[in-house]
Amino acid sequence: MLDKVGIAKRIAKEIKDGYYVNLGIGIPTLVANYIPKGINVVLQSENGLLGMGPFPFEGEEDSDLINAGKQTITTVPGSAFFDSAMSFGMIRSRKVDLTILGAMEVADNGDIANWKIPGKMVKGMGGAMDLVASAKNIIVAMQHVNKAGESKLLPKCELPLTGVRCVKKIVTELAVLDVTPEGFKLLERAPGVSVEQIKNATGGRLIIEGDVPEMVID
Amino acid sequence: MLDKVGIAKRIAKEIKDGYYVNLGIGIPTLVANYIPKGINVVLQSENGLLGMGPFPFEGEEDSDLINAGKQTITTVPGSAFFDSAMSFGMIRSRKVDLTILGAMEVADNGDIANWKIPGKMVKGMGGAMDLVASAKNIIVAMQHVNKAGESKLLPKCELPLTGVRCVKKIVTELAVLDVTPEGFKLLERAPGVSVEQIKNATGGRLIIEGDVPEMVID
Amino acid sequence: MNKTIKNADEAIKDIGDNVTIMLGGFGLCGIPENCITALVKKGVKGLTCISNNAGVDDFGIGLMLKTRQVKKMISSYVGENAEFERQLLSGELEVELIPQGTLATRCLAAGYGMPAVYTPAGVGTEVAIGKESRMFMVEGEEKEFLMEMAFDADFAIVKAWKGDRHGNLIFHETARNFNPMMAMAGKITIAEVEELVEAGELEPDQVHTPGIYVHRIFQGSNYEKRIEQRTVRKK
Amino acid sequence: MNKTIKNADEAIKDIGDNVTIMLGGFGLCGIPENCITALVKKGVKGLTCISNNAGVDDFGIGLMLKTRQVKKMISSYVGENAEFERQLLSGELEVELIPQGTLATRCLAAGYGMPAVYTPAGVGTEVAIGKESRMFMVEGEEKEFLMEMAFDADFAIVKAWKGDRHGNLIFHETARNFNPMMAMAGKITIAEVEELVEAGELEPDQVHTPGIYVHRIFQGSNYEKRIEQRTVRKK
């Protein structure tokens, strides 16, 4: 079973040289720490920055320089600032190669829900609806089951949707799965997790073909 | 009868303190030289400049700094450059208070034609269609009659239109006229020009009420 | 062109009850602190506020929520504001949550004189309810878009880093965010700046918001520029 | 991220016959001189060019008209180019004349992922023929707008003042014009710059076109930067 860092590390392996990547709040933010050495990646923050760097050294925080999670950050050489219209312009025109974000629920047709629990919790969609509606490639970092042990990988989302038929890949504490026209396709098992466990934890259609390898995480 | 400079001088009197003004090619460009002293006006050039100044001193021409007529210009303090989308954005959202442009024909309902003579001459509309479709206030600088002595202030434009029902005021070598729902309303005569002359030179509906004063030009 | 005024009180003097105001900023970054303080002091009520967030409980627009001056919020993210979420869930506050890019683009549309724009954000979600949708070809495939209308705001209040008396504005880092969009979108646009300079002191190539969009400008004071999530690493 | 290439020849190496190319510039100001020279040298034919103007007879896109490499021009102004006007009137060259703001906004639409935009420019004129129109309320009145589609260009070729190897661009004065729009709108965007600098040398707040929109960048040479209308006053 993976912890949050493990999920982030596994997702980081999906990032390719030359990618522009948008990282959502939570686990996706951690991904930045594990981008493979030797490849060039530019991180986009939808509040208006290309070229996001690590957190600032203590005492060097700049209140004018934050990421989409409102965290103080830094820039890397070659960065650029822009306004929110251009930021979502480049997202909408598919210039961002990969979007990594969290989810409360994902359906086996690629629908995603992550912004609202009616009557209980409303965070708002922020930029998520724009990102999922436009991104070429969307990877979701999420927990496979909720605290009550119920699957969050469903035949159909029960919560209000963020976007439809958009998620391409999911990395959970248990598995890596692709979203295919036939449903979730199991690609890898987390270390020590059995196919049976994943079956039991998955509500939507699950495709298992041949031997499912265990993930390799450094 | 006014010469080109006279037309420019008369139009300049329409400019008020605090105006943002777009000047077309030709006579309108001359208007900049006669803006009344003591008022603050900012000239917009639709190729991407607010705060256009006079022509540069000889030897100080800058090939990166031109107006919409492709003439070398200068800037005044407080100027700003921007791209073409923003330039027409501010035009479209009616931030430009006054547009002054030339015309081949104007109709008595405010239609204007100034970009094409089918089969003979095609200049293109440039920014004129955008300007006339959006400007709050449009003054046309033009000749009352063509070389053959035919009126260019018509009941209906014969040439392809640039815009419909948009011209508010016209200044010609003979007169100042407003465009009203009832047609051209004669406001002022050029020095030495009779109402009769103006009547004869005007093809469209012409409204003459009471004594028509002669223009005062400095 | 001199659009300089004295301070925030003068800037908002004609903002009355029940108007629609845009407020720049993302989280607490780049918010018009001085004008918010002045609005709280003035006590105008029944406001419709268009702003990506609503501050936190004790800072930014949160201050105006606490005093119940806001009738309706149009935002993309409630997130960090407990009082906002409480008023929303209890129905005390009218809230229209819209995608962040839609929010930005509806401002852009207003500033660029485009009555409506098309975006795929929210297709198939509750955001699409009651909206016109339309198919367009994108990269060889039919794709659905929602028609979203340009905002129509009585006032836009923005915060810039530097400005001059013509109203030209320059923003700093990610404090830019929604400010340039909203500056273009208000019927009356008020800009508060950290540093007000003479005309000619800003490099014309570096101006982010040309002065034509700005009606009033003043140099603010006592900026707190509070940090919402202080994240650091060790040296 | 290193998008640096050697020169114009390398930049346009995959531009073949019958493609659609956007070219930045207004008149002769801010035009990609090096790439135009390379396109003439390469001799590609059947091009559809989207550019506000078509240069003059012996400079800019005019050079490509002379060699009959251009099948179709999409422009707003023919004005100063006699050969362009001749080919247009004789029907040798296909020409689509569209309003300048429409040209800019159709580029913006492509760069911002908006499939279509609405503009009042051209309503009631021959520009409106065959286009969908629609009424919207503007300032309390019904007003007619045309729906204009985002451009779909295989290549965009732009000229900037400075750039870095990430593709970040800064433009100079009115040489900016259509360049930032087109940079955003090409499937492949090529930028030629007067000065190519290292990443980190451009002030991130001053970047006009973020590198994400640019695929290839090189430092051009021998810029003529010809002046079309030399107007001066005496000292």
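To keep things simple, chains are lettered A, B, C and D as they appear, and every chain counts its residues starting from 1.
The rule is short, and it goes like this: a contact is a pair of C-beta atoms (placed from the backbone, for glycine too) under 8 Å apart; a residue touches a chain by one contact, two chains touch by 3 or more.
Note that the structure is predicted; figures quoted are calculated from it, not measured.
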A-C or A-D, whichever has more C-beta pairs in contact: A-C
Whole-Å gap between the CA centroids of chain A and chain B: 56
Gap in Å, rounded to a whole number, between the CA centres of chain C and chain A: 28
For chain B paired with chain C, centre-to-centre distance based on mean C-alpha positions, whole Å: 36
Shared-contact residues (touching 2 or more other chains) in chain C: 105, 112-114, 119-120, 171-173, 176, 204-205
Shared interface positions of chain B, touching two or more other chains: 49, 81-82, 85, 88-89, 91-92, 94, 134
Pairs of chains in contact (touch as defined earlier), listed by label: A-C, A-D, B-C, B-D, C-D
Contact footprint of chain D on chain B as seen in their complex: 45-49, 54-67, 69-73, 81-85, 87-89, 91-92, 94, 111, 115, 119-130, 133-134, 160-165
Footprint of chain C on chain D - complex, ascending: 105, 112-120, 136-138, 143, 145, 170-173, 176, 204-206
Touching residues on chain A, where the partner in the complex is chain D: 18, 20, 40, 42, 44, 49-51, 75, 77-82, 85-86, 88-96, 134
Chain A contact footprint on chain D (complex, rising order): 1-2, 110-114, 164-166, 168, 184, 198-200, 202, 204-205, 207, 210-213
Chain A-facing residues of chain C, complex: 26-30, 52, 75-80, 85, 88-89, 95, 97-105, 107-108, 119-127, 139, 161, 171-181, 208, 225-235
